[in-house]
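The same subunit A turns up in both complexes below, where it pairs with subunit B and then with subunit C.
Moving on, here comes the complex of A and B:
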């Protein structure tokens, strides 16, 4: 009985739901579209609650770490305090309130920008040490491509050719690689969906 | 024969494969004993080690036994049938039994006669023993006149017998001397039975001396022992001394029963069959010269240690030597007919055999003489060794030693017969009642030298604490006195050669004394006074209390391992994190970091700071016109006033610095068109970023109002939320309850590929209901370009990064923050490219140098 409840019922729910939604998109008839819309709404509600559960899980994990004084408990304490502080202004003044905006403009925004700046610095340092790790023709070619794309993105006066070269690199080999990635992602999505439909892949169950 | 281990078939020796099943045969198969596991040769029937039967008579009980010891099933080649071998053994056993019975019957006659004669003399001797009890104990061994009760001789005593000694055949002495192995003495003295006569005694017994009616079977060996087939003694081969002790009616040679030779009818491969003339020298030497009459003297005096002493018939008093008379039981000793030979023999023997200390008489020797030898009513068995006097608590001799191997020195009362053979100068002060030995010493004892151990005993008086020889019941010492030791030369007797085995049995006084000193004396119970008594097991086994100590021989390695294991077990449950060795930063790396930081700061700061201080730097970059930006411009240009534009802010504060610059010109253009902007986000922080941007845009221009944009809300669920939003899209505008809420254009602003994909996929899943354009970061340009393809028809226009935003502003003819940031962006690009090239050159040259070294 437990195996029926824990394994087969979740498989049936996932399979039926997915097939109904898929059919509603493929065959947009009123009954199917109706059930499709209802199921999608339920999914949105469940996703919202999943976001709340994720928030509570973070509070529980980090709260336990602070309570047991495990290694890194100080960072967990800062996280908890920041969460509480960031929760209060939107709760009281809304997402577009002044306090919320100031918190975003003067705290969260600068922190994000600092992280992005570190990424830029790290990439620049990695570009400087590119040939230290591997001295090969591919590394040299990589350097040349990067230089053409960067200089061609904002070409200085008189370096119009670089812009054209840059456009060709982005639109031809770049786009081909991008399309390949997108096709792979799309095929993976379809296969995952089919596996869930037939019950082969059960991310929602223990079995 | 080699037996196949698989099928058990017997194959010829040397076969390599079984002829029955083809199993490869080992070079030498062996039979494993089922009891002890010892590998025995193939031909063995019994195990060499534990004597267990190797080849079962019946089928094995379990399969394992069948596998371990495959039964012999048959033969592959015509060979000797296996059953014949077994039958042979059975026949041999049967024949041995039959012969044994014959010998028993014959031995009964002469032995009975001997016993009868000795009984008469014993009575006379008892009186004499009482008189000379304290004085002549060591000098005159009494002859046991009474019938000697059969006793069982111990093994060591039997072994002392002439085993392996090739008896020298003498023409006048046709008696074989059979050496029967000594067996373990029996604790009891059963009455002599016809089958109780040892083999060696039977062998030496003259055929005519074994009276058919009274010859005890004492000369017969133990029935369980296989005795060699000894031919019957010829009457002419019996020494005189033996004949003297034979009863008169049995003196005729022709009446000598073949008891002696018939006794060992069991097959005894170890005891050689002696010819009638093969009388051992020791036996010949001890025979008295005047007793070398052809009359058969029953060899019962040479006790069979392995069985009860035979009932030696009392010899004729006139013919029984003294030494033999003393051995005889008291009642068997005819006092009036004490044969001079019997009396003189011990006398002659006396000087050669040292008189042992009274306290050192072994029990086995004591048994020979009855404890109350002076009391004629005591009937002692021939082979029984009794203490000289009844031990009492007051006069109890020291506890005898348990005999193991060599007979211990005599520490108890010395029989008279032994005293007689002792040297005169070693007279024992104490005179214990002589124990009539059952040993029949030859009358020619004078020519026989006492054994060395007797001499040593005589020379070294035993201490009081010396243990006495335990009294072995039914044991009659068969040790003949060694010649040359305290004994006068017997006329006519050759000096006996002491065999090595006999020498090995010689007791060592010092060892005995040491052992005696170590062993405790029993203080209670029936074994009181004895030494070497095994302690009784407690009624309740108390486990010994042992201290917990390390076992001996614990190596340091074992201790180290034990300590390590203990430390591991004592560790806390949480595993400690491995220490990460921080790699130190070298100076070169630090220089590189500072160099990169400096270049970037100079390049970027040089473009940002002057505008802040009022110094405007002209645009140094060449404006570009990407096609996506142009298409987006055209779409936005086609928006009418009042149209709802759904703008998805799919980025957060980290990407806001770039995407705000990308989104601002588009939003300004849409607001300039009079469109209504509805803001939605699948990111929780998207609405906040959108609100800040729109408020800044609206505040920057007076023509813009806050009613032109609406924050719809957050849509969780990713693609599902987008799908649900697009399915039931209802966008109420501010201050309006009704209206066209159907968005005409969807603008996606994102720096991540996933939200872009969601929006594109979900929008196109609804057909051509909505037009979608996107404003992405420069890093997302390769991912967004496929959607921008005209053939795909998914994105109608895109703006990629600051350059696209600058081109859009340039397209509109307005300068904005994006255009102002292009110089800084270009400077940053140039700085990064310069650093990259510099580093490439640096490491390339350095690598070449290292390669050149």
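Moving on, here comes the complex of A and C:
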């Protein structure tokens, strides 16, 4: 009984659910679309519960770090306090209240944007490290292409030829490589999904 | 009705099932192409143990109920394979996820890996960490793990964008060996300069075959290669037909 519950029932549920949802997308006619939409709705509800688990995970990890005063405990404390404070506006004024919107617009949004801005610097650093660590033809070529595409995208005067070169790189070799990549990814996706459908891959069961 | 997609699925299913029947149970093990990104992965865990540190596996911000689900599942295969090796070396891996739907699944995989070795009491669910739901915040949090948690090997497998450079930057600052596998072109361009070994595109889905060595994964990789050849032949044939027709 235990083996049936832990091993076979999860596989059965995953396979049937996957097949119904897939059939609903491939052959979008009732009643398949009805069952597809219901199952997707259920998945969203389960994901919402998973988010609560995620919140508890954050509290456990960072709470433990603060309690043991481990390296970076002060940051963890700030994170925990911020997580607690972030609950207040939605609870008092609702998710679309002014205070909640202001919290998103003036705190969370700018913080996210500043982190995203850091990405540009880490990418520049990565290019510099590449030249230092791997002095190969490939590395130099990579940096050259990146430089041409970046400079060709800027609105500076007198860089018309670079803009033309950038357009060619993006539209010809870039596009061809991207399509090849996407075809490979599509095949890999199909095979991985099929492996789960036929029960060959079982990440959700006690095998 | 999406006839093309249905035909592709049927063809893929037929090839996969046929190969599973022919090669899945017995006979010579299927030979697969070399892929350095995954070949060294198990050894890296051993090296992490020798250095007295741990291994960090970043699974990215992919969701189980989103378009990145299959990339995340490929990441789970790496977790499954490396968790066992890490436990054998008494290394407790740290796994970070950027979506809470992956959290229980990864915790379950890690728990089972400990259970299989009768070491359930050493399983710590806190080693699997949900960092943040937004990609950039996740990358920043995972970078903090790499920078502060005695990580000696950094592995990134799953759904990433350009923000993954925050994680690789943290690894590069500590001169860590870094291995990655990603399908998104933005992530690939970002990972190329800073990782020692990089698996790109469909190579991500070959992770299970290399890290576990299990026959079912090897066979599915062979099926993937067979389908690729068929696809290339179809594209070439259509190009020739279009050329002749014009």
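Assume the second predicted complex is superposed on the first by the 156 of 207 C-alpha atoms of A that agree within 3 Å, B and C clash if a C-alpha of one lies under 4 Å from a C-alpha of the other, contacts with A are read in each partner's own complex, and residues count from 1 in each chain.
Keep this in mind: a contact is a pair of C-beta atoms (placed from the backbone, for glycine too) under 8 Å apart; a residue touches a chain by one contact, two chains touch by 3 or more.
These numbers come from a predicted model, not from an experiment.
Undergrad: Considering only the touch criterion stated at the top, classify A:112 as touching first (subunit B), second (subunit C), both, or neither.
TA: It touches subunit B and subunit C both.
Undergrad: Could you tell me if A:181 is touching subunit B, subunit C, both of them or neither one (first, second, both, neither)?
TA: Both partners, subunit B and subunit C.
Undergrad: Does the superposition put A:13 against subunit B (first), subunit C (second), both, or neither?
TA: A:13 contacts neither subunit B nor subunit C.
Undergrad: Taking the superposition on A as described, I'd like to know which of subunit B and subunit C A:195 touches: first, second, both or neither.
TA: second
Undergrad: Kindly classify A:171 by the partners it touches after superposition: subunit B alone (first), subunit C alone (second), both, or neither?
TA: first
Undergrad: So, does A:82 touch the first partner subunit B, the second partner subunit C, both, or neither?
TA: neither
Undergrad: Quick check for you: in the superposed arrangement, does A:53 touch first (subunit B), second (subunit C), both or neither?
TA: Touch partner of A:53: subunit C, not subunit B.
Undergrad: On the A-aligned overlay, A:125 touches which partner chain: subunit B = first, subunit C = second, or both, or neither?
TA: both
Undergrad: For A:99, is the partner it touches subunit B (first), subunit C (second), both, or none of the two (neither)?
TA: neither
Undergrad: Could you pull out which residues of subunit A sit against subunit B in one structure and against subunit C in the other?
TA: 25, 40, 43-44, 46-47, 50-51, 71, 112, 115-116, 123, 125, 127, 129-130, 139, 178, 181-182, 185
Undergrad: For subunit A, which residues are in contact with subunit C within the complex?
TA: Per the touch definition, subunit A meets subunit C at residues 22, 25-28, 40, 43-44, 46-47, 50-55, 57-58, 60-61, 64, 71-72, 75, 112, 115-116, 118-119, 122-123, 125-127, 129-130, 139, 142, 178, 180-185, 187-196, 198, 200-201, 203-204, 206.
Undergrad: Please name which positions on subunit C make contact with subunit A in the complex.
TA: Against subunit A, the touching part of subunit C is residues 1-2, 5-6, 8-9, 12-13, 16-17, 20, 63-65, 70, 73-74, 76-77, 80, 100-101, 103-105, 108-109, 112, 125-126, 128-131, 133-134, 136-137, 139-140, 144, 148, 162-163, 165-166, 168-169, 172, 183, 185, 188, 190, 192-194, 200-206, 208, 216, 220, 223-224, 227-228, 231.
Undergrad: What part of subunit B is in contact with subunit A in the complex they form?
TA: Its residues touching subunit A are 577, 592-593, 595-597, 599-600, 620-622, 624, 626, 652-657, 684-685, 687-689, 691-692, 695, 711, 715-718, 720-721, 723-724, 727-728, 757, 765, 778, 781-783, 785-786, 789, 801-803, 822, 825-826, 828-833, 835-840, 843-844, 847.
Undergrad: Mind pulling up the subunit A residues that touch subunit B in the complex?
TA: Touch list, subunit A to subunit B: 25, 36-37, 40-41, 43-44, 46-48, 50-51, 71, 90, 95-96, 100-101, 104-105, 108-109, 111-113, 115-116, 120-121, 123-125, 127-132, 135, 139-140, 143, 146-147, 150-151, 153-160, 163, 167, 170-171, 174-175, 177-179, 181-182, 185.
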